[in-house]
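You will see chain A twice below: alongside chain B first, and alongside chain C after that.
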Partner chain A sequence: MSGENDIVFEHVYKSYDGKNNVIADLNLTIPSGQRMILLGPSGCGKSTILRMIAGLEKISGGDLYMGGKRVNDVDPGDRNVAMVFQNYALYPHMTVKRNIQFGMEIAKVPKAERDKQTDWALDILNLSEYKNRLPRQLSGGQRQRVALCRALVKKAPYFLLDEPLSNLDAQLRTAARAELVRIHEVYQPTFIYVTHDQIEAMTVGQRIVILDKSIIQQQGTPDEIYNQPANVFVAKFIGSPCMNICKANVENGKLIVGDEAAPIPEAWQKIVGDRKVVRFGIRPEHIEFLPDDGDFSIKVTYTENHGNLLCVAFTVGENNLMATLDPFYVLQDNLKLKIKWDKIHFFDDETELNLGYPER
Partner chain B sequence: MTKEERQVERAAMREEKRIVRHANRKHRNAIAFTLFLAPATIAFLVFVVWPVMYNIYLSFLEWNMVSPDKEFVGFANYLKIFTDAPFLQSLRNSGVYILILLISCMIFPYFISFAMVHLVNKGQQVYRSILFFPSLVSLAVCAVVMSFVFNFMTGPVNALLKSVGIRGPNWLNTGGYILFVIGMVATWKIFGYNLIIFLAAILEVPVELIEAAKLEKASKFKIFWRIIFPLTSSTAFYVFVITFSHALSYVFTPISVITAGGPNYKSTNVVYQIYEYAFKNFQSGRAAAAAIFTLILVMFVVVLYQALEKKVHYEN
Partner chain C sequence: MKINARTIKRGGGQIFWHLIIILTVCIFLYPLLYMFFSSFKELKDIFTAGVRLLPKKWIDTNYSSVFNKLDVPRLLFNSLVIAGLTMTVKMLTSILAAYGLVFIPNRHSSKIFYFFVVTMFVPFSVIMLPNYLTLTKLNLINTLIGVVLPQLADATAIFRIRQAMRCVPISLIEAARLDKVPHMTCLRKIVLPLVRPAVVSMAIFLFVNSWNEYFWPLLILRSNELQTITLATKYFSGTEGSTGWGNVMALASISIALPLILYLFAQRTIISTFMSSGIKE
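Moving on, here comes the complex of A and B:
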């Protein structure tokens, strides 16, 4: 799977004060030409990773390779990366056109070529009519697109995006996500995209790396991450509302919550093994209630109608859970939670790691 | 009168009352505004407008400030100052002082503050304190110290020059050199303050802009010239204005302390010359004329400023 523009981190450390590691022993390969998302809560080190790739942060230990070359001590200007900053970093005193051309002017690209490239990029992002405006005369969405234009004209093999959509409102964000995918298709650079927004990660990403506390929790395709979360953190981090995680005892092939028990199917019994305590996870959309016939009694604490779905908060034993149901669902009194065994995840109670899945 | 007509009439009366009330309120507001403005306006009228007016009046008189006789002489005072060698010399010297201080107190601190922010990695605070510290010393003290430092016979500057085989000039008594020494005294006072202003402005430039430029392989000079300079131009403009006015007024103390304008008017400037006309020679008419002429000169520069200001980048 190795491509010519892979980015490879080998045992990379980063520390600002020489004592505490912001990044510790990072081993990561970012494959060439793909849209790779670095996803995690704030302070997880994802931006630091991006800035190390750009060369804006020095690497404290380990090696970083870009396109097969060790780049630890290469200047940012020599790394051939284009970057879109969170606040766009447009030069406020330059027009849109000058902003886009700045890099080419520094690189002494002839004027005719500069203009051609600028028009090309402006055209892709439908900004041609704003060419002579100053950044302050543009809306947030337009500024963000100018920043993309500026990165685009560089035609760099690496395209770094540091939370590029976080300053846009929700509607613009949806449009911008599609735009980003479209831009990637233009010449297929290696996208490295930092975000804390799981929707962006799932929709823009071809591969996702999930980080927490400077440690990679899981990497994989959006599908893998969603359907086979590697541990409880990933399970709860991806999906909204987040996955319900319940603590349960296992006895004689039965899953026990409170004083009720449900028999564990044979395929799952092998996976649970001889554990006495496990955690199981169910996504809110996979929860099913059956009158009388379910596995565990529930107690509804509150409901919220979102219009397109009905959120129901309830308890099973000591566990608080959330279900998303059809908005017209009628909650009866005698409902019970029915475990859908093909939609369930098991985690070890201590390590919080996923126990795996039966063959389907 | 029908019911409708009565209604219309009542509405008209209400409207009229409303207008009167509104007018009363406006009247009351006007009084309040006047009262709020009064302290500043009175101070401005008494301490700025009246002296300027009185000064204009004085410039047309021949008067020694004590005699009861004031003789109206028309433009004679203006003609006299333009044929007075010391005054012309003081104009030339003023130009030199302005030039020296623009270089030492505007261009130098501009680059030094850029270097402190973007080239120096450690000890920014220490440099800042050291460079600002001299501004705290009074001009008179500094002038006395400098007159020791540049003393022809015993000063450390000449001792240093001697140690490398150069015979130092008589700094305090030679035209040209003395301008430099007095310029340095004023620099001592102004430099640190301007540096802090530039530092603040350069620190205000978002670091992402610099990083974006670094990714484009822009050199430090390009970063300064293409990004820092345009974005701090409003500050540079402010510093230019205050340095210009300091260059006229801040050299007064060192001139007075070190040379009293000498040797042979080689170190005087317009402000000192006005002082000399008025309070040493008691030629109040000439002093007033010189002051008015200086005012006109400065106003001319202000107009130039305003033309320049249009090119300055202001945030928002």
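Moving on, here comes the complex of A and C:
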């Protein structure tokens, strides 16, 4: 299945010095009209990928196709992309209106049409009353919206965003995320969004690509990434607090942590196979404590009440874990960790890859 | 200014720094005032022992004789042509070079830049003779163009404007590239407005430098109708101590009037651009 505005990377390399690859053998298809998130820690190469799409970085090897056309040597101005920069890149000496219209002026759009488009975009982002202000007279959130307006009026089939929310405070971010989704719905461009914030990725994205050390770790829907992480990196990167990963031995169909053992259900035994050591992962919200009747003894190290939930840090054997519980939960003595087998993930100890799931 | 802002909270320190500033201003102002007041003094008054700023008797004959003996408008015009042309073309070449170095970089940009910088260290006396010989061959001795031609590019100006342009966030230029903005438009509408303080101050600096130049025009210009206002001072310098200092001071006062007025006007722009520049945003 391929749409008219797909972006396809085929064996793409990027190197600045000709020796070390920042991006190595990247193969990625960004489907037309979708909100695709490039997510990863800083330095993972996600911004470089975005800038290669924009044409602001030259491609050192491989091919990049946009809308079926090879664009390796196409000038940024001819790629028909709109971009929102991390620092917004608003022209400081131009008013909001002029900032939005400047691109259209260059493209020789007639004045009446320019004004119409500008008013339309300003209206969508509730900025109409600010159109004669200079960027420095606006708040961070307003500037960010002006940058969105400027990208919006281009009506480009590709909409690139480079960490557009990273300079906003937490409250504004929540509002801005919803705004981004709304903007995408306006004309459904191919939306490529770079962020290191997993919540942005999960809420804005229709598909997420997770990168680490220039390598794609996993791609999929937010749901897939959250519920079936491909490896330990993805498992720990997505979710807050992050997934608990414990090392355990396997002996005679039993999972052994410290001196305690829990029998592994048959369906899982097939997946674990004859491994002697595994890592199992369990999300903080899936942890259940039972008095006496659980699988592993725990030792609570500290608790934090966040108001809406209770965070409990505890140890099992030598592993440090975190649980998020109901804020009214009463921590009794003799509590034991009860493994919920339908919420658990197993990873290979060496490759750190997900071993898979039993048929449910 | 920075020193002031920092010490403003400590009352005593503020007075101290103000005194230093006032003293500095006096040191810089004294020769100018001396020149100005001496242009209204009689010759014997100028040579009176002791430091006395104001004339004993105010006379205006120094000025009238300057205007009688010399074609002052002509001298001003020649100076204006040379300084104006030198400044304009130097600014043009420097701005274009700096833009290219900063925003259209290639593998050799830094080498080219360092080559420019090296030329800053070549003293005028070294290139004076080759330039003179070249102009002779081009038949440009004793022409205004001859004065201007060898100074149409300036490494210092390129250096200074390049530094200013490097402060323009690169993302602004990238945003422009994505909108297919041609380089000349990008330079005119985005970069120049943002580096205006640097450009204006550089332009004034170049203009005044060229206006005050004495030696090079002296070498090139021979005929009377091509003399500049600065060169004209030699008209009143006699060989045996018979220099008409009053006249020289009057001429000098006339000569600095134009750059001074220009500066006062431009200063307002410089300050207002400083205050409204939003480069950091």
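The definition used in the following text is that the second predicted complex is superposed on the first by the 360 of 360 C-alpha atoms of A that agree within 3 Å, B and C clash if a C-alpha of one lies under 4 Å from a C-alpha of the other, contacts with A are read in each partner's own complex, and residues count from 1 in each chain.
Basically, a residue touches a chain if its C-beta (ideal position, glycine included) is under 8 Å from a C-beta of that chain, and two chains touch if they have at least 3 such contacts.
If you're wondering where the values come from, they're calculated on a predicted model, not measured in any experiment.
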**OP:** Return fit or clash for chain B versus chain C, each positioned on chain A through the superposition.
**Re:** clash
**OP:** Tell me which partner A:93 touches in the superposition: chain B (first), chain C (second), both or neither.
**Re:** both
**OP:** Pick one for A:135: touches chain B only (first), chain C only (second), both, or neither.
**Re:** second
Original post:
Once the shared chain is lined up, is A:78 touching chain B (first), chain C (second), both, or neither of them?
Top reply: both
Subject >> Touched partner set for A:19, first chain B, second chain C, both or neither >> reply: neither
**OP:** Would you sort A:276 into first (chain B), second (chain C), both or neither based on which partner it touches?
**Re:** neither
Original post:
Just chain B (first), just chain C (second), both, or neither: which does A:56 touch?
Top reply: both
**OP:** Could you give the residue numbers on chain A that contact chain B in one complex and chain C in the other?
**Re:** 54-56, 75-79, 81-83, 85-87, 89, 91-93, 102-103, 106-107, 136, 150, 154
**OP:** Flag every residue of chain A that touches chain B in the complex, lowest number first.
**Re:** 54-56, 75-79, 81-83, 85-87, 89, 91-93, 102-103, 106-107, 136, 150, 154
**OP:** Within their complex, state which residues of chain A touch chain C.
**Re:** 54-56, 75-79, 81-83, 85-87, 89-93, 102-103, 106-107, 134-136, 143, 150, 154
Original post:
chain A touches which residues of chain B in the complex?
Top reply: 206, 208-209, 211-218, 222, 226-227, 230-231, 313, 315-316
Subject >> Touching residues on chain C, where the partner in the complex is chain A >> reply: 169, 171-172, 174-175, 177-182, 185, 189-190, 193-194, 276-279, 281
